[in-house]
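Across the two complexes that follow, chain A remains constant while its partner is chain B and subsequently chain C.
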Partner chain A sequence: MTDAIISIRNVTKRFGSFTAVEDVTIDIQPGEIFALLGPSGCGKSTLLRMIAGFETPTEGDILIDGKDVTDVAPNRRPVNMVFQSYAVFPHMSVADNVAYGLKMDRLPGAEIKEKVAEALEQVKLTDFAHRMPDQLSGGQRQRVALARALAKRPRVLLLDEPLSALDAKLRDAMRLELVKLQESVGVSFVMVTHDQSEALAMADRVAVLKDGRLMQLADPMTLYKHPSDTFVADFIGRVNFFEVEEFKPGSAEVRVQSLGAVTLPTPVEFAAGEKLVLAVRPEYMRVRPWDGTGVAATLGDVGFQGDSSIVEVTLESGQPVQVLSGIADTPVLLGLEPGAKVGVDVDLGEGRVLRG
Partner chain B sequence: MAKARRNKRGPFEYAHKLSMQTVFVLATIFLYAPIVVLIIFSFNDSRRGGNVIWRGFTTDYYVKAANNASLIEAFVNSLAIAVISTIFAVILGAITAIVLWRFRFPLKPGYEGLVALPIVIPEICMGVAIAVFFSSMGLYVSPGTLWPFNLTNIIIAHITFSFPFAAMVIRTRLNNFNREMEEAAKDLGASEFQVFRDILLPHMKPGLIAGGLLAFTLSLDDFVITFFTSGPDTVTFPVKVYSMVRFSVTPEINAASTVLILITLVLTAIAMRFQSFEEEHK
Partner chain C sequence: MESFRKNLSVFLAFFTPSAGWLFLFFIAPLGIIFVYSFSETISLTEVELTWTFENYGRLLEPEIQTLFWRSIWLASISTAVCLVVGYPVALVIATAPAKWKPWLLLIVILPFWTNLLIRTYALLNILGTRGRVNEGLEWLWTKADGFLTLIGLGAYDLIGEEFEPIVFLGRWSGVIIGLVYVHLPFTILPIYAALERLDRSYLEASLDLGASQWRTFRSVLLPLTMAGVITAAIITFIPMLGSFLTPALLGRGQVDMIANVIERQFKGANDWPFGAAMSLFLLYVTFIILAIQAFAAMRKQKRSERRG
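For the complex of A and B:
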């Protein structure tokens, strides 16, 4: 029907009366990095575990390569998983860990050896083949888990929070390495993460989940620029919301809290009576010393970040907003006293009207 | 400045205090003095083991003990009982531990308590209970039964009281098993049995060894329960020693006991070597 490698069709998972995943439909394409993103407890691990076969959907079907695998045991599915704790077998050497899955497939010894060497090469662990897991660092253990799963040549590699157990510096390096690895082996990666920057940096497409429901499925740029609702806008990066006080469907003229009457670049498409907000990202706003133009505001804290600053200001209406100031504006702002009167410009071209 | 601070004693460094050192030395003496005395006097060239006067070195009593057929028989009985009951205790204990760890079922806390009960029940009560149970069920060993089947009752009794200990030790070990390990193995294609053989069993191994060792030593030196369940013509080492002591304390008993201590020590050492070998190769 489709060329999707994994099809999740109307899948619902209930634990007793609690619904962990609700009516989720997702197609995962060959060769892509797909991220399941959402806050803690939103059901992303449960969804991943249903693909691996450790949980059975209460309703709906899961197809791998067009075949219904809903009732197939995990050891018979053509997918492999990298666990959050890595779950490297402590009593086996690195090479034995990687060979384990191949032994389960009853491959001949020579072929196992060859594939183990190749997998270790892919994750740059060739020199560590005979080490025991407790002689490895966290990052190396993760690579053992990767090699072990990749050695089986799965159709899809599943990764549950692959970077969460690493320290910050290694995490950034591993992001790139994982993407490179995926490009070189060519199998689809489905990764679970609660870190939006990780999802944006690594994934080709991202599914945002909330309370078990799929909120939006899109590529990172679309997700960031055109969030489907306030939850996604807020979860993916920083955002300021302004309540829409008055609008006419089909008209670009709206009245917005704190900003007053403004003209949007595109007409509002929502039905009359809906509760709407205007969402503007901090980088599409600018703070400068007061010169009588823009929205009057009071300067709050300036959080210097080196290449930019996060500036907190309170608008005349009393609404607090965050503004991302470029390096050009920062010295001026740092020179002002907190509490100084400033003017705020809003780039309405990048404002989005969302259901509030 | 750093130097001055180093010389200051930390609040919990009791070991530096003379009083603490004294207590430590006394406790050690208290623990080991009787055993050391027992071993020393097994070489005493005196007719009576209870004799506190050193009359010269001899190994005669080892020879004598080795030639005492009934003592040797008791010794062999004890070893056989310990080996057989340990094997069963470890298997039963492992199964119990896995069931308690793995499955949820109604009244599980109650059942867990029940398994641990033999550990806290006074041994004398266990002894009486098992003896009464055997006789009421008509389970007695007829005279002339082939060795080691004439030890069946004692072996069953030993399994009964030692397997809960093994189960507890193995259960503790299972508690820190990472369930993701099991899922990882399945994910790589392993069946339930392969997961058990390749992943769970190696993880349990230190627990099995420790549990087995515990069961073995418990069985080897058990007196009370054995006393109640042994027939008139099956004697174990502790029971035999007891009857010999009642008659007279000879260095022969010291010698035999020393051998027993040696066996226990060697076994413990082997088990510890085995475990540290495992650690090194992890």
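For the complex of A and C:
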């Protein structure tokens, strides 16, 4: 892929003997929202900071627009960053903050004014141009940081946990705002997040990282439906794992005892001796009063959520399982005593066999 | 505080010694000096309180004016040098790896572990015409002279016929070097504290927006640590203005500052009332500087409160 706007090639970053990022290769396409997702300390910020130029890769190269920028200083890279703390200069007005980067490009005064006005318009802060940052709310400050970075017309906008400093309600609103903004300005966004729902809702493609390694890179739907391993399946949404007791290498069929000795086909072939699990998401299972069919289980807690319920049941094998029950099933389940015998149906077509 | 008021005896037990100490060794002597400054010398050993303003009037004498302005000038130059030298040092410490920081800070405050008098004598040894600095310069001169002779330019005396040592002692240059040396830790520590508090992402944001290192220093780092710089300037300038030992030893009586002349009033000149007036004047100047700073800080506070 030569048209990638950013190419991260076999990049490794070590701090002393500690490896923060290990042999990561990613291509980011023009105009997409790309999310780096992973638990705390997995190296996502380090990766983003290497794109911005604040850290130098120990090994590997970073290309922007096909040019190797591995040794280029941050102030000479055509990318701009929105910091987690926003880093809006407290001693400058909103307009001066936005103008700062433009002054560095030595643009004429009139052009700076025009671009500042345009950038503030984009983030709906026109009326706040002359305020000082300590007169702004957290959300407004974030929009100043966005305007400041976007005014430079970067090839790529980097965002480190852009929503984590906002309260829950504003965060949901800003998700949509950011996506709309990206569509209107058309530059690629690379955002770091540890919130999987944020990544799924906003990104065109998501890279899942764990301990500095790239686990899977895919669009949100693929990530959710076809996770590459148990870590990704578990990190992206809820999932139940069932141990695979038996499989014949080469036959592409596995047997799961705890679901009543079912046999199901797998798309991939596994080698002998591997430990496998079957992963099934709660929404592909159903709980109903026991009628002699399905997998027998005992009912646990029913967590009513308004539009659905999270039902906990224990299979006869002793394994706890979470099931997402639709609103239609919920009244029946709420009517049952905890500990009642129930039947569980599993949509095996949506089960995925993974290395455990 | 509430409970202190209820248990009066406990309160007094804690309060009396410190208050007594303060009164005995600070308030009372200050009061005596205050009274002296309005008195007249009537004999070799006696003064009389006459509520005269003459001692303060004498502060306007050209000689004393020169002295005050020289002191302020020396302290200002030295403070400026301290800031220019101290800021980079503070920056180096603040950006050093965490495990080095305590050691670097230790080096900064290490001179405090030696008596000021001894340190000043050490400076005499270093700065004298036969001192270490001139020894080094002489060595360089000899080498340069030898080199010039070698390439056939020896006859022209391009760098003088013989080595002439640089005189520091008894000159303002020596006093400034001494003042800077003694007070540098007072400059470094407040600036270091301000740098340490500063969020690094401001600097990264500036670089990210295309600013050079120098521009980032000028437009972001310096403005955001200005409060620390002002504090450093004040707590460097005030003790410098009242310096006694450094100008006395390094100035050799030729670069007097206020404190040296005050001392002479109490000793050689035996003019205690005038010495008292000068001392209090120094105190007033200090108060005015502190008041201006407090006022500026208050206004800034108010402004940000009005915003918030």
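Worth a mention:
Definition applied: the second predicted complex is superposed on the first by the 345 of 356 C-alpha atoms of A that agree within 3 Å, B and C clash if a C-alpha of one lies under 4 Å from a C-alpha of the other, contacts with A are read in each partner's own complex, and residues count from 1 in each chain.
The rule is short, and it goes like this: a residue touches a chain if its C-beta (ideal position, glycine included) is under 8 Å from a C-beta of that chain, and two chains touch if they have at least 3 such contacts.
Computed from a prediction, not measured in an experiment: that's the story for all the values here.
With chain A as the common reference, chain B cannot sit beside chain C without a clash. After overlaying the two complexes on the shared chain, residue contacts for A:293 are found with neither chain B nor chain C. By the touch criterion stated above, A:83 is placed in contact with chain B and with chain C alike. Once the two complexes are overlaid on the shared chain, A:75 sits against chain B and chain C alike. Legend: residue contacts after superposition of the two complexes on their common chain; A:17 is shown touching neither chain B nor chain C.
When the two complexes are overlaid on their common chain A, residue A:263 makes contact with neither chain B nor chain C.
In the superposition on chain A, contact of A:40 is made with neither chain B nor chain C. Shared interface residues of chain A (contacting chain B in one complex, chain C in the other): 52, 54, 73-76, 80-81, 83-85, 87, 89-91, 100-101, 104-105, 132, 134, 148-149, 152. Across the complex, chain B meets chain A through its residues 178, 180-181, 183-191, 194, 198-199, 202-203, 278, 281-282.
Chain contact summary for the complex, chain A toward chain C: residues 52-54, 73-76, 80-81, 83-85, 87, 89-91, 100-101, 104-105, 132, 134-135, 148-149, 152. On the chain A side of its complex with chain B, the touching residues are 52, 54, 73-76, 80-81, 83-85, 87, 89-91, 100-101, 104-105, 132-134, 145, 148-149, 152.
For chain C in complex with chain A, the residues that touch the partner chain are 199, 201-202, 204-212, 215, 219-220, 223-224, 304, 307-308.
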